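Pasting in a structure now, in structure tokens, and then I'll have a few things to ask.
Labels run A, B and C following the written order; every chain starts at residue 1.
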């Protein structure tokens, strides 16, 4: 009974206030949960955090002092609380490998990943959406089959392998693109860092040489990530479009005498636009993940390389810090697509 | 050549896993300057007949006919571009449920104007003016508000009136109404039908009214084709329904309660498989 | 003799295609047979199935099929090209026969895939059915946890788990399973919610069955088919993640012939000795493609909603 009463009170709050509150609480719960998981992983880690700091030869007193200084004697939940407080202050600990605060490291590495994932997603959108629409419109024809084949390969090929083969062919044999890394060595540090994304920074500095060199380096890894993105986007676009093309308002549009192009783009496509935003956000998130392996192949100094190299040197603070940041970006992308959905779809406004 | 529509021996077929399924089987009829009803149960092929006329049967479906003419144009051989000019401007269709047949993310006004602007060269202002007039013609009291509304903001009855406005704004000579009120509340059904009927009469249009409801159709039509199993089983003048002879028509009539006759028990509609094999009755004029 | 067999086959077919089933088992067998017939018409799905059967065969008979010992080194003949003296796919940096290593590697891949295909869906099934059947705050809490796991990028979370647990095949399996269960929980919950309300569950309840019996005997069996489709579709991703972990040196440890680890070894020689890294990649591609093809086909047959007609 009591429970019902509470529910009624909650529902009596006007939706304009209620909706954002419930969304916000979902975000907070998800983020805290996310941090709890990384916290627990950090606790399970067989590497002793005290030993990692004081070293093997420290005395028992030194060890104990650090143990207490790290707060490891307090109950787990209290430790978690301090961990939360730290994270919200941007304190993710200090990396053993680089000797810098993890937060600073990530600020330095993240733009490289973003640059890669953004260009990949742009490729995915530009190629994937028209391909998906075409496959849906020409359903069952050879175009549809080819689109399906392209997507199937995207779902089946290991990204690190296609990266290697790509390097072999386009860099090793054909010499069309730059090799691993973001720039050739003599172009490095020529333009001041503003955004951390070299393509943008070099344009801001008006240095076209750096820009074209950076472009020759990014084009292959970004195309490979773009391929994965387009495989996903084209499949989703196709199935959304098929759903719309079967609906009655499409028949009604044809009854009015509209051309096929108009029926497809003005009527059907406009209806899937909002769904596509979610797909693009998901695909962007997927590329952040795919960049972990791609970055290693292409020696790309991004967050993926950072996490994996830290991992191999048992630098747990860095690994967990990276994981937290990527996880938070995931959550933010979800929230962003949700907000865009509410703003853009007239049906969601009620 | 005075007929608006002539259809001779129309077949609509769909390939299925077990072979071809015949949805419409050799139907012939004409539409003069009249209001023609097509009545039958679901699956009788009545909707398919309407869509075949607009050449909107989707791909795996096959349409065959000895002759199918709209205002003298041969629908079977007309190039798609010419066919598009015919749709909306000469022949149009009001569909069943405005909830699904109006584009959910386009404003109502834009959808109405679109019909006009692809068939005529009109500037924006005039198009808006005409759309508002059309909304008024379907008895919408505040056309300005509805013009800027999205379909989900309208009631079912309103939506269907918008649909009628959208389909009639380019002044077509023929209107197909495919179950135009069966998705609506009973309270607004007659209202919507009367609005549609009034417009059809005023503009001297031909009407093909497709429905499962024989009594309803008889109120709004001059002549009624009764379809069963993809064929026309009987043709009646709407005033002479009581003279209908086919057992299916009789069954449809008797399975409805009537106030002026006292019936102890309503009849159950018995279907005789033999009806499917009978020759289709010609509705040609 | 063969005639007798032929008629026997005919009657079995007739029995399987009977329109009115005579028993519960009969109905089940008939349904399976119908689905099988539908799947058989899908050439691509059958190709996928064929590849998978071949991979199982290879894994089982690897010792008989492999021309060499996958671990025996021959430094004199290292990095030999394709077709070199009894090494059809050449040798790696330690002179080991690449073909033999690939054949043996199929065992590791199948091992990982099988374990994940068992652990993750079962975890999801338990969480999802409890969540759906119990409802209330149990449902809210379990679904929140599921959402939190879904919020993580899978590979990054798996990396973190492996970092905590230590490298190795078993830990890789565990890490992948820990990241793979949430979608299954969602599916199982959705199925449970629809089944829970149905009349036959009410009837079983009236007979006095407790929640555990209802869940295990009545709800689980009905969740299986949608889970199987999803598992088949997910297996390609599992193979890719496992290979990725292997590539990073976090999965199977050397000298074990895991395909991802083999690519990692060959990476150093990619420009001069391309085949060392290329061949294992092709193997990974073939197997995950096979799973994708089969999964697509299964979905078309078992889940008609999805294929949109």
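Throughout what follows, a residue touches a chain if its C-beta (ideal position, glycine included) is under 8 Å from a C-beta of that chain, and two chains touch if they have at least 3 such contacts.
Not measured: the values here are computed from a predicted model.
Participant: Between which chains do we find the greatest number of C-beta pairs in contact?
Facilitator: Highest contact count belongs to chains A-C.
Participant: Using each chain's Cα centroid, which is most distant from the centroid of chain C?
Facilitator: It is B.
Participant: Compute the distance, rounded to whole Å, between the mean C-alpha positions of chain A and chain C.
Facilitator: Spacing between the chain centres: roughly 26 Å.
Participant: Return the distance between the CA-based centres of chain A and chain B, expressed in whole Å.
Facilitator: For chain A versus chain B, the centre distance works out to 51 Å.
Participant: Which chain B residues touch at least two other chains?
Facilitator: Where chain B is concerned, no single residue meets two or more other chains.
Participant: Mind pulling the residue numbers of chain C that touch at least two other chains?
Facilitator: none
Participant: Would you tell me which residues of chain A are touching chain C in their complex?
Facilitator: Listed in rising order, the residues are 29-30, 33-34, 37-38, 41-42, 44-46, 152-153, 155-162, 164-165, 167-168, 172, 239, 242-243, 246, 285-286, 288-290, 292-293, 296-297, 307-308, 311-312, 314, 316, 319-320, 322-323, 326-327, 330-331, 334.
Participant: Which residues of chain C touch chain A in their complex?
Facilitator: 144-145, 147-149, 151-157, 159-166, 236-237, 240, 243-244, 247-250, 260, 263, 267, 270-271, 274, 277-278, 280-281, 284-285, 288-289, 291-293, 296, 308
Participant: Going by the contact rule set out above, which residues of chain A touch chain B in the complex?
Facilitator: Going through chain A, the ones touching chain B are 247-249, 251-259, 262, 267, 270-271, 273-274, 345-347, 350.
Participant: Spell out the residues on chain B that touch chain A in their complex, using ranges where they run on.
Facilitator: So the residues of chain B touching chain A come out as 51, 54, 56, 84-89, 92-93, 95-97, 100-106, 114-115, 118-119, 150, 152, 163, 166-167, 170.
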